[in-house]
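By written order: A, B, C and D. Residues from 1 in each chain.
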Amino acid sequence: MIQLMIGRKLDLSRREQAAGSLGEVALQVEGLSCGDLYQDVSFEVREGEVLGFYGLVGAGRTEIAETLFGLRRPTAGTIRLGAEELNHIASPATAIAHGISLVPESRKEQGLVLGMNCRDNMTLPQVGDLTSGPFVSDGAEIAIFDQYRDTLQIKTPSWRQAVGNLSGGNQQKIVIGKWLAMRPRILIVDEPTRGIDVGSKAEIHNLIRKLAGQGYAVIVISSEMPEVLHVSDRIVAMYHGRVMRTFTADEVTEDSLVAAISGIDQGRAA
Amino acid sequence: MDKKMKALIAGSTAVMCLALAGGVSAKTIKIGITQNNVGVDSYQTTYEKAFIAAAKADPNVSTVVLDAGGDVARQIAQIQDLIQQHVDAIIVWPTNGKAVVPAVKKAHDAGIPVVITNSNIAKQGMPYIAAFSGPNNIKQGEEAADLMCKALNGKGQIVQISGKPGYTTAIQREKGFEVQLAKKCPGVKIMATQPGDWNREKSQRVMEDFLVKYPKIDGVYAADDNMGVGALNAALAAHRAKDIKFVGATNFAVGYEAMAKGEYYGSVYQSPVEDAKNALKTAVEVVEGKKVPKMNYFPTPPIDQQNMKNFSKPVF
Amino acid sequence: MAETHTTASLAPAATERPRGGQGENAMAETRLKQIGGLLARQGIFVAFALFMIGFAIFSDRFLSVENIMSVLRAAAIIGVMALGVTVVVIGGNLDLSVGSMLSFSTVMVVDLHDKIGPGAAIGVTLVATLGLGAVNGLLVGVAKLNSLIVTLGMLSAIQGLTLIYSGGKNVDIANQDTTWFKIFGRGYIADIPTPIVIFALAAVVLHVVMAYTPFGRRVYATGGNQTAAVFSGIRRNRVVFATYLISATCVAISAIILGSRVMGSQNNVGQGYELQALAAVILGGTSLLGGAGTIWKTVIGVLILGFIQNGLLLLGFEYYVQWLVTWAVIILAVWLDIAAKRGRLWSPIA
Amino acid sequence: MSDNPLKSAMQWLARNPIWSFILLIFIFFSIANPYFFAIQNFKNILVQTSTIGLIALGMTLVMINGNIDLSVGAVVALAASLCVDIQDWHIFAGWGDWAILPAVLAALAAGTLLGALNGLIVWKTGVDSFIVTLGAMLGVRGLVFVYTKEQSFFASNFAFSDFGSSNIGPLPTLAVLFILCTIVVHFLLSHTVHGRNIYAVGGNRAAAVNAGIRVGPHMLVNFMIVGFFAALAGITLSSQMGAATPNLGTNYELWVITSVVLGGTKLNGGAGDIIGTFGGVLAIGILRNGMNLMQVPAFYVLVILGAILIAVLFLDKQLNRKGKEELRL
């Protein structure tokens, strides 16, 4: 029945190629809680791995991402980044310093300054480093923009274009480019393809796989089952602020995934 | 304790003590005052201090000192509040001579005598007040016109910098000056009038524009010395001060000094201390049932470079 | 090249507004768009030039060097303040406390001049003014309270502080002719009045800071979209705090010019200046929503206001006519500005 | 069981910090000053707040819309001047007390028209209302001086000022008028389609357009309402004084906005109500009255008012916090 709902079969063939090439544990979360939002969340991500977070809206996935990015203060638990163990991450600036990047859920509200041009948006997190003397270096900025425009195939007449005038897909690519340009160790993408056209969707999916292939630790949060199944190596299923089960690529089935995120097999979660 | 309180601003807190003490002994006279806008210039502040000091010197008097902050509506509210407190007399420094009439009538109807201070109430309000105490602003305008006429030997072209538009003192001084000049000194022409808002910097800016517009200016009349000195500053900067006679009103310390230096021709001397004492005395006499004249003007003589030795330097 | 990247990034929030009515009057609209493209960048210049020409026709003294210098000198006081306000507004906030802060600082610098000497007076005043700016910055930046109300409250509170400090009295400098303090308001540097030099210098410095430094970029981003700025790792608290410190510094500089020019101060000397400064900022095309605007256009806004006042006075109009004209000018200039940016004259609001 | 009403009252106060604040200062002044707690004084407070209060009613609507009107102070002066001047015109000489009627109507019409002008400019040009009314604040004051030629007007007919100090039953007429208007506007905002649209337009303009609301005319109407109330406030104020001065209403816009925001209306629009505004107006009125009675020196009053304004905002922020796990923006 679920197969009918989704309308296509699972494609797990691609997974084998990724297996075995995993690197160090980039991020390990232990018993992380944040008030009523989520409780006792534990997981780890390795370099070269895509970890999917699947669940219904309100399951606490975005809030976990925001906590890892220093936007929320957890009430319990630890966050281990490489060798370093932290109780919390103080601010997005600290998160960035630790090599974490977050492509947020809402690109218009959280991802972009719509009135600002493409280049300035893309270099915003690192503008403090792109300087010659006290001034922003035009050349360094344009170089970064050109690089990611080509890599991500962003369609814009010029970097001077205000991002508000771009299509949804290109806007999203600017946000992704902005965070790739930070060369993070851990890239978190929250609903990376919401509200963008099919072509761009596929491009972004391929990109995520490619990034993992290059050794990034990637966390993908999505409410679309095909997406999460397509890009992830492992999937964390959440329900009501709790991790119900973590699936590996081999064991995941649509039935079990749906069961996990709707709280049906609560017994197994404990 | 008392010393520390004095150190506090304007000693108003001390007055509160007095007011409390007043509650204890029943025989004291309780007088409420609502001032126009303390702090807008030194005159009003000095007035307030002198008033408080004078009240303190008289053991039979306790006071309630309020400030309308230049807002007519707030002044009316304050008069209502004073009626509410059943004071023995209310002294009003009108923010506007016409607008306070009904409130004054209300106090009058409640049996509380009202003394107007500094600038007078409109004639419609005269039946409801016990007395007026203060300078004669129209007369001051006239005195300034006479000074100007003397300074220019009856011939020349001048500019006028008036007070803040819409305020009684500004209007009366302007009127007194213009009428008297036209009558007594037809040879002196007013080329232009602009408001300086009782603000020295604004007046300086206005004068700078006048200096550009008129290649020849023989005299400047400013509705107070604060603005007069602003105009003088502008003329000094343009190196034209020597050709211009400056006449002001309400002699300020800066005006007095400029006069001593010979840069400023003259002004009208008006002491806020005198003003305050006069108001309190009038109010006390009214409460005590003495006969007082309705119009209690205190003298405001003209002051110029010749006779300034006879006056002490203003404290504000 | 120099200013392109900021101006280009200042695209209007037009994308957020519903678009409609395209097709009809297409021809007229394209033409308007072409003119608009030019005006969007230079509209305020055009308006300014028209004014100057208009006044020059009717008053032969208007364009004299003497008059221009005199207007600029007087406008420098509000001008420097307006520069600081521009930074705050670009950062997405308002500062209505600058007027009473100016009164405070002027009273303080003039009062302390005779007590502790000009140098120390300037130092103490600067510190005290920055302190007030820091209070604004803490309340708006760190406590995240609404800037309009905070600075409105500060307007009242600082007014009271000034009166408490001075006891309500005017303050004056005794030896006006001998103190070196006179250079700021009355002096000349290479035949140009010092206030103009200071204003120009402040404008250049702030323009460079806003257009070419990472800090400037962060201010634009914070004003443009506060949430996105935080999500980009910008420490919003510090940025907003800093904008208020800049604003306070500008006020302190204005106060020094004002105190030196007048050689005295009243407690209400800056009353109403906050709105004049804000009007200049708005005339310069800085959006009250934040994230857009430029320093040098604020300079034009200041000049327009200064020359209107001067021009109407030279033409012999009553003061209240100046108010009526300013009413029309503010609305027309801002309308012209946004009409050019959105490419159509009338608003798309249904 | 018995503490339930108390508990819910406490919760209500926590959600509406302005009323807790009013309670606090009310108790404070009652204890601290012997003249405060008196029926006559409460009447005074109501009359004194009615001016700012009437304007605040209209301002609440405009501000929930996401707009603002800074020109109300100048409109107060214009309406007051018109009202007091016109009743003394020669053509109405034979009308007796009825001469007041055309004067009042003219003043109300002027206020409503200026409101319409502001609204029309905001609607048609798309210029932000802050700018439009900032200009109007200056321009309308200019109109006042053009009309009055700097003169104050005095109502020679005492019937006009008697109205201002008259009573209906035990209550002052102006207080009754204010309370009536409060009820009417409250009803308008909470029980009519127009009221619902006010929130819709302020909350999300694009969505309001999609829902078929004609946003432009809608905002125009609200600007007319605030203009009307500013004019009405000008009339009641001038009838309290029996006179009008051209500087009347200076800075009123600041106090009106302050009261409205204290009452919980959001500056960005979309939220707020009349009960809250009434509380905000009352809070400032009580503070001013109490400080007058206690003779707080004028200089300190300014500091205290400023500090309280910020403190209430701070309190509101603290009370509306969602908790520690809130997003730290």
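As a working rule, a residue touches a chain if its C-beta (ideal position, glycine included) is under 8 Å from a C-beta of that chain, and two chains touch if they have at least 3 such contacts.
Computed from a predicted structure; not experimentally measured.
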Innermost chain, where centres are averages of C-alpha coordinates: C
Separation of mean Cα positions, chain C and chain A [Å, integer]: 42
Distance between the centres, which are taken as Cα means, of chain C and chain B, whole angstrom: 35
Intercentroid distance (Cα basis), chain B paired with chain A, Å: 72
Intercentroid distance (Cα basis), chain D paired with chain C, Å: 29
Of all residues in chain B, the ones touching two or more other chains: 9-10, 38-39, 165
Overlap residues in chain A, where contacts from two or more other chains coincide: 71, 91
For chain C, residues contacting two or more additional chains: 163-164, 168, 227, 230, 319-320
Touch relationships between chains, expressed as pairs: A-C, A-D, B-C, B-D, C-D
Chain C - residues contacting chain D, complex: 17-18, 139, 143-146, 148-150, 152-161, 163-164, 168, 226-227, 230, 236, 275, 278-279, 282, 287-289, 318-324, 326-331, 334-335, 338-339, 342, 346-350
In the complex with chain D, residue positions of chain A that touch it: 34-37, 63, 66, 70-75, 91
Interfacial residue positions of chain B with respect to chain D in the complex: 9-10, 12-13, 15-16, 19, 38-39, 64-67, 69-74, 76-78, 80-81, 84-85, 95-103, 105-106, 122, 124, 164-168, 171
For the chain D and chain B complex, residues of the former touching the latter: 35, 38, 40-41, 44, 47-48, 51, 145, 148, 150-154, 156, 158, 161, 164-165, 237, 240-248, 250-251, 288-289, 292-295, 297-300
Residues of chain A defined as touching chain C within the complex: 69, 71, 91-93, 95-96, 102, 104, 109-117, 119-120, 124-125, 127-128, 130-131, 134-136, 138, 160, 162, 164-165, 178
